[in-house]
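Below, chain A partners chain B and then partners chain C, in two separate complexes.
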Partner chain A sequence: MELTSGRAIDGGLHLAGVAVMGLVVLFLVVPLLVTAVMAFDARPYLGPLPPPGLSIRWFVQFFSDDTFLRGLATSIELAAGAVSASLLVGVVTAAALHRLSFGARQVLMTLFLSPLIVPPVVIGFALLLFLSAQGLTNGFWRLLCGHIIITVPYTIRATLAGVSGIDRSLTEAALALGATERHAFWDVTLPLARTGIISGAIFALAVSMDDVSVSIMLTDSRTYTLPVALVSSMRANFDLSLAAASVMLTGVTIVLMLVLDRFVGVNRIIGQGMFR
Partner chain B sequence: MSAVIVFDDVTKAFGDTLAVDNLSFAVEAGETVAILGPSGCGKTTTLRLIAGFEEPDSGAIEIAGESMLGKRPYERNIGLLFQHYALFPHMTVAENVGYGLKYRAWPKPEIPARIREMLALVRLQGFEARKPGQLSGGQQQRVALARVLATSPKLVLLDEPLSALDAKLREELRTELKQILGAVGSTNIVVTHDQGEAMSLAGRIFVMNHGRIEQQGSPDDIYARPKTRFVAEFIGRMNWFHGRPGDGAHGRSTLITDTGTRIALADPLGAGRWSVGVRPERMAVIAPDVPGEHGNVLPGTVAETVSMGSEFHYRIEGADGPILVVETNTSGARVRSGDRVLVLFAPGDCVPLLDATD
Partner chain C sequence: MRAERQAYPLLVPAGLIFSAFFFVPMIGLFVESFRLYIPGNIGSAANAPFTFANYAELLTPSFGGYLLQTVRISLFASLAGLVFAFPLAWWITRRFSPRWRAIAVGFLAVLMFLSVLVRTYALELTFGSAGPFRQTLLALGVAPNGRAYIEFLVGAGLLHYIIPMSALTLLATIQNVDPRLVDAAQALGAPGWRAHLTITIPLCTRGLLTAFLFAFSYSISAFVIPMILGKGRVLFISNLAYNRFSEIADYPSGAAISIVLFAVALALIYVASRYIGRRWS
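Let's turn to the complex of A and B:
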């Protein structure tokens, strides 16, 4: 008797769990789907779902809008610059952190990862004040500084995870075979931390492309990122070219994730279990 | 003969723990020495001191007459075979074997031939393009050995070289390893906690405990004549009898145990409390009615018979506690649990150790 009622409760809980999960999935996916459908709406105004016809007019409008194109160009340049810089900083920092004692490493890690905890608006505002005081008023360089700060935690953390996963005896084997610390780093540490480094770069790219809160503080009238351009355009005249932009950003993100999965997946095949 | 490596009063502590305590030893060219001890005895620290991954707090380390103090690992001409091989997983077998050649300034045109030569030595021709992940444990072990020996190091360190392999493969590789090291003629130090590994590979064994060498000598010598209870029990098993020597010139060659058992010894004992050890395989079990002169004869009851396949382990309860007797399985088990038996052993097989003087 007891057993049966216990089972019934377990079954009920299981169902409830599935239901909650289903709701969350709907909540996450439905808005994206609605946006995707609306981006292809043929009507020239914002009408109710479903759209009576499909067209790519909003995509055309997006690419004929000078503001969006300038924003897109800035975003791409910025992402390229910020990701390269934070990749370099991330690898150097992670390599240095890895050699420190546990305590010192924890303290410095917390410091380096603080941009994840400090509200982005605060970072943006603080940076704006600081850079103005230093006489740096060029919008692009200001944005670059901001984007490096918000992307560096991702590259450091991912690289450190990659470096920490490497068996210490591999580096020692290289040293015992005559390689200097420098050679051992190039020959052994860097190639084996590759997965971590690549995933860090992809996260950094996504963060840089998506950021609004920090960027909005650091833009000037001529230099602004795509997300900032989208936000201002939404305030001024709301139309569905925003939906088209969202669909394209989502597409880029999906491609990035596929690339990441491919690299991590490929690495899993090359390096087998015990060597990771 | 010249010493390849000399340790002179080397001490190394980690915090409050003394890992290596005033350690001194020398290893001659062409010799294979095993440093044998339990985990935490300082053997791994000794290995890391030789390799240059640790610096001593005090004392001197010389390799081939040259002081190693302050020298980085890559400035010492030593080879290190890691317990888990530490092959570079992203490099091929050939790249692994050739790695040291590149940095030890081997003439570039000769490197491919050297790699082939080393792979032939470990019988892995044709594996050049494989990655370590595609090899079995035994093959990885041989690649690691080829990588270590390729640069002809002055000294080869082997860290638990066989412990990562399963029992059957271990036997095979032990023979092969010994053969290869012999063919190359290198000077070797094997660091291990496995007495079988130490005894089969080394010509001389240092038994280490608490950061010191407790006894050194040939494998046979250490097995037959351990100087301390630790050495006796670390290398094989011992049955112990505790007591004092008997009286008179003749009685001095007899141990009288705390329960009154008399055990005849080959040599007279000095005054004091003694422990006398006897190896289980130097004892025999017979039925009580077998006549003859047997040296020491202790009565007891068989408490347990365990078959290990090639040998039997009998646990016999006697007046002085349990006695383990190991017999080769030549004709099946000769006694059963509950049998009253006699345990026999010769006075010459008794190892007396002084516990305390009076």
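Let's turn to the complex of A and C:
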């Protein structure tokens, strides 16, 4: 008797679980679909769904908006600068950490990852006060400083993870064959660590492209990033060129994930458990 | 040993960057939070006297209200995220074929890496006061510009990140739970819900705590989501700090709010990691 009622509860819970999961997936996906459809709306105003006709007018509008284009240019320059700097520092630092004792490495890693636990608005505010006190008022350089500090923890961590996953005997073989410790690192270890380096670069790129909280503190009236321009436009007038921008940004995210999957394997980042 | 000594010069670039762009600015922020601010100025004057006024101001009920609101919405969103993400993660791990699992993981990863701007805009466009569900909301007696609904929207904004993030975190955990344990419990007569409640969930406590920690620290430092979806009626602490800076140029007060926010985030991480560490060391 107890067994049957237990199984009945199971059946009910099973159905409820499936229903909740369906709703969750809808909640995650429907807003993105609505945005994608509205981005192609032919009407010159924000009207109810569904749009009576389709056009690319909002994409054209996005690309004829000076504010967005200026922001886009700054964002691209900034991402290029910050990601290369962070990558370089990440590789050099991982090379150093790799040779340290376990204890020293743990302490330094905690320090190098500490920007990740500080709310980004706090980092932006602290950096603004510091850089203004140093007399640095140029928006681009301020933003570059901010983007380096929020991306470099990712490149250090990912590169070190890539370096640590390498069989020590390969390095030892290189050393036994006469390579110096430095040569062994650059010629053997580093090429083997490229998965780590690539995933670090992708994380850094995603962080730099998406950041608002740090950047909004460091912009000046002429230099601002695309996300900052989009946020202020969202607050001012909620038109559909933002939907067009959202579609393109989602496209960029999907491309980044595909690259990550191609070079690293998303499954490897998530990890494989014992029973899977 | 020689190798270790050779390693130190390689730490110089990181040392310089972290000192100049992070540690020294954070100390500067701490000092600024004790400076006297004279209204009308931009920031504190050089060598302004020290004061506790910026913190004393935060003891008022109005700031306490903002702090409480931030913590309350973050807490609800993080817990709801776990409730929604856990079955999703379990289902993907145990019921999907390897091919579908890879697709589901890719889908969740895209959702997690999605720009916060896209999330916010899409939610406002879909569920906002001018969205396609406006009539549905009115029919249900929900005011689309009411405070309760705006709080709900801010929570939804947080959940849109928390659910995929928690599901991915929990996937890794659930993969390590031996499915034979649940099978054994069911073979011995336990109904499925009981088997999961007493076996799967306790074995996943560590993963659940980790996901909760990520979700909660993401939420309390959220900035764009409450700024856009909150429409100025729901403000998180980070929005308050930004407003002090951008609207009235009261840097010392903004600094004090930032320090409080940092302290809350730090305390949370400390407590959670102590707890996780103590039970599973």
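Please note the rule applied: the second predicted complex is superposed on the first by the 241 of 276 C-alpha atoms of A that agree within 3 Å, B and C clash if a C-alpha of one lies under 4 Å from a C-alpha of the other, contacts with A are read in each partner's own complex, and residues count from 1 in each chain.
In the analysis below, contacts are C-beta pairs under 8 Å (C-beta built on N, C-alpha and C of every residue); 3 or more make two chains touch, one makes a residue touch a chain.
All figures in this text were calculated on a predicted structure; none of them were measured in a lab.
Undergrad: What is the contact status of A:Leu15 with respect to chain B (first) and chain C (second): first, second, both, or neither?
TA: Touch partners of A:Leu15: none, neither chain B nor chain C.
Undergrad: Counting only touches as set out at the top, which of chain B and chain C does A:Ala80 meet: first, second, both, neither?
TA: A:Ala80 contacts neither chain B nor chain C.
Undergrad: Under the stated touch criterion, which partner chain does A:Glu172 make contact with: chain B (first), chain C (second), both, or neither?
TA: After superposition on chain A, A:Glu172 lies in contact with chain B alone.
Undergrad: In the superposed arrangement, which partner chain does A:Thr93 touch: chain B (first), chain C (second), both, or neither?
TA: In the superposition, A:Thr93 contacts chain C only.
Undergrad: Looking at the overlay, does A:Ala126 come into contact with chain B only (first), chain C only (second), both, or neither?
TA: second
Undergrad: Between chain B (first) and chain C (second), which, if any, makes contact with A:Ala243: first, second, both or neither?
TA: In the superposed model, A:Ala243 contacts chain C only, not chain B.
Undergrad: Between chain C and chain B, which one touches more residues of chain A when both complexes sit on the common chain A?
TA: C
Undergrad: List the residues of chain A that touch chain B in one complex and chain C in the other.
TA: Residues common to the chain A contacts of chain C and of chain B are 181, 270-272, 274-275, listed in rising order.
Undergrad: In the complex of these two chains, what residues of chain B are touching chain A?
TA: Per the touch definition, chain B meets chain A at residues 51-53, 72-74, 78-80, 82-84, 86-90, 99-100, 102-104, 131-133, 147, 151.
Undergrad: Name, in rising order, each residue of chain A that touches chain C in their complex.
TA: 3, 6-7, 9-10, 13-14, 17, 20-21, 24-25, 27-28, 30-32, 34-35, 38, 46, 48-49, 88-89, 92-93, 95-101, 108, 111-112, 114-115, 117-123, 125-133, 145-146, 148-149, 152, 156, 181-182, 206, 209-210, 212-213, 216-217, 227, 230-231, 234-235, 238, 242-243, 245-246, 249-250, 253-254, 256-257, 260-261, 266-267, 269-276
Undergrad: Can you name the residues of chain C that touch chain A in the complex?
TA: 3-4, 6-8, 10-11, 13-14, 17-18, 20-22, 24-26, 28-29, 32, 43, 84, 87-88, 91, 93, 102, 105-106, 109-111, 113-127, 130-132, 156, 159-160, 163-164, 168, 171-179, 189-194, 217, 220-221, 223-224, 227-228, 238, 241-242, 245, 251, 254-255, 258-259, 261-262, 265-266, 269
Undergrad: Which stretch or stretches of chain A touch chain B in the complex?
TA: 167, 169-170, 172-181, 183, 187-188, 191-192, 270-272, 274-275
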